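Chain nomenclature is as follows: A, B, C and D, assigned in order of appearance, with residue numbering initiated at 1 for each chain independently.
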């Protein structure tokens, strides 16, 4: 399995923020987690609200731990709210099940981490994050 | 009351994983808890997502602690979501109330523990776990 | 980086328990964590006390998260008790800083996970775990 | 009060990591918190252990929340361990009271955030972080 290097993590963040500016999005915050769900890098743009780290991490953390991207988590939460609530219980309340939590896969399809983006609408967050992941030569699943 | 031995626990896990392969399920994770709700054995198949221990344990833990298998817990959660949420409060957020949490009974009908299976759909998880329990000469209630 | 496969994890557990029997140790419990600190496999021998999963995991979890084996953690705890207490705070109280938490390294020296052993004295726990890791062709740091 | 911009936070991290390399330190992890104790930016170097975010944050968080840098926190912990333990209680266990938690001040002396560095000895962590803060034209108190 490939690992997410700090160099790649920084490329992802830079390209995500750049895509956000190009699309005219609100200030974004972006986290990159490794394959074990641990923080590799994070940046919060100026004027973004102070609590954005936890939201970004929560989107990415659930994706890694469940192997399920934010959109799929949201569908499950809408169908079976008590299930996602219970999942959050066993993960210490760290899961934010909406788009903007994006799985990263290497060329063989193995999950090597996740990106969490927050600041604009969940769908725009996901769009920016996907652009960031592609800029690093990886494949994203939002 | 019979006790779940490590030998039986390993038989259950091996037969559950084998049933999963036979049915073409996604990689599974399987936990066996004793009659006190404590972990006896666990295995997570390669390429399963990293957070699977907590989900498997949550399915089995609720089953033992409430004496109620996953399917019954799910029905209760659908009828009275606040009740299962409250149950989770008193059990420290460790309960995942869906199929795949399976009670194990000995020949006299006494609960001697539970099996938790996760990785595919909840119903398929339960099917594989039941096969595992039967392979150990015990009776399962999904 | 190599990954710890389920096959290797089971080899480690089997060889650790076998070493424990050879040395006449009390019943052991053994967990194998991956490089992200997530449970891959666990077994608790018959007649071991029910709470052994959490102790085994706590020994191995601190080793992975800090990149520091149990013996080094214990020395730090003896020199600076408040530091290890604080570390445990940020890791949610999941760290047990004594021997029996053993780092596993691949041939290039990269940490690919940790083994946690509990049941006898901490030093005997570590001895059995090291034998288990060697049986899987890996290098252990206790 | 000045605010810590993302640009400055990135300068601090880059210069801290660069100082670490110059001094031959182990791989470092560096967090920058704002004046409210909230994460602005973070980077973890390759091969650093996975749990480094929480340690870095814990060093910086205590510094901001108490207005007391890591060295002063450590002295207090050595004199009155129960006091720092209690502080950790009220702050949710998020404080790691050792050097490497560095207050940042603007030209008027106002605290505008803190930097947390971890990976080598606490004193070396602090040395690298101070260099990072100076590179951003700010004044550090370790």
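Here is the rule we use: a residue touches a chain if its C-beta (ideal position, glycine included) is under 8 Å from a C-beta of that chain, and two chains touch if they have at least 3 such contacts.
This one's a predicted model, so the numbers in the text were calculated from it and none came from an experiment.
The most distant chain from subunit D is B, comparing centres defined as mean Cα coordinates. A separation of 25 Å divides the Cα centre of subunit A from that of subunit D. Centre-to-centre separation between subunit B and subunit D, using Cα means, comes to 44 Å.
Note on chain placement: the centre of subunit A and the centre of subunit B lie 30 Å apart, centres being C-alpha means. The multi-chain contact residues of subunit B, meaning those touching 2 or more other chains, are 50-51. Viewed as a contact network, the protein chains fit none of the simple shapes, being neither a path, a ring, a star nor fully connected.
Pairwise, the chains that make contact are A-B, A-C, A-D, B-C, C-D. Put simply, subunit C touches subunit B in their complex at residues 3, 5-6, 9-10, 34, 36, 38-46, 50-51, 53. Residues of subunit B touching subunit A in their complex: 47-51, 54-55, 57-58, 77-78, 81, 84-85, 88, 93-98. On the subunit A side of its complex with subunit C, the touching residues are 1, 3, 34-38, 92. In the complex of the two chains, the subunit C residues touching subunit D come out as 35-37, 64-68, 80-83, 85-93, 110-111.
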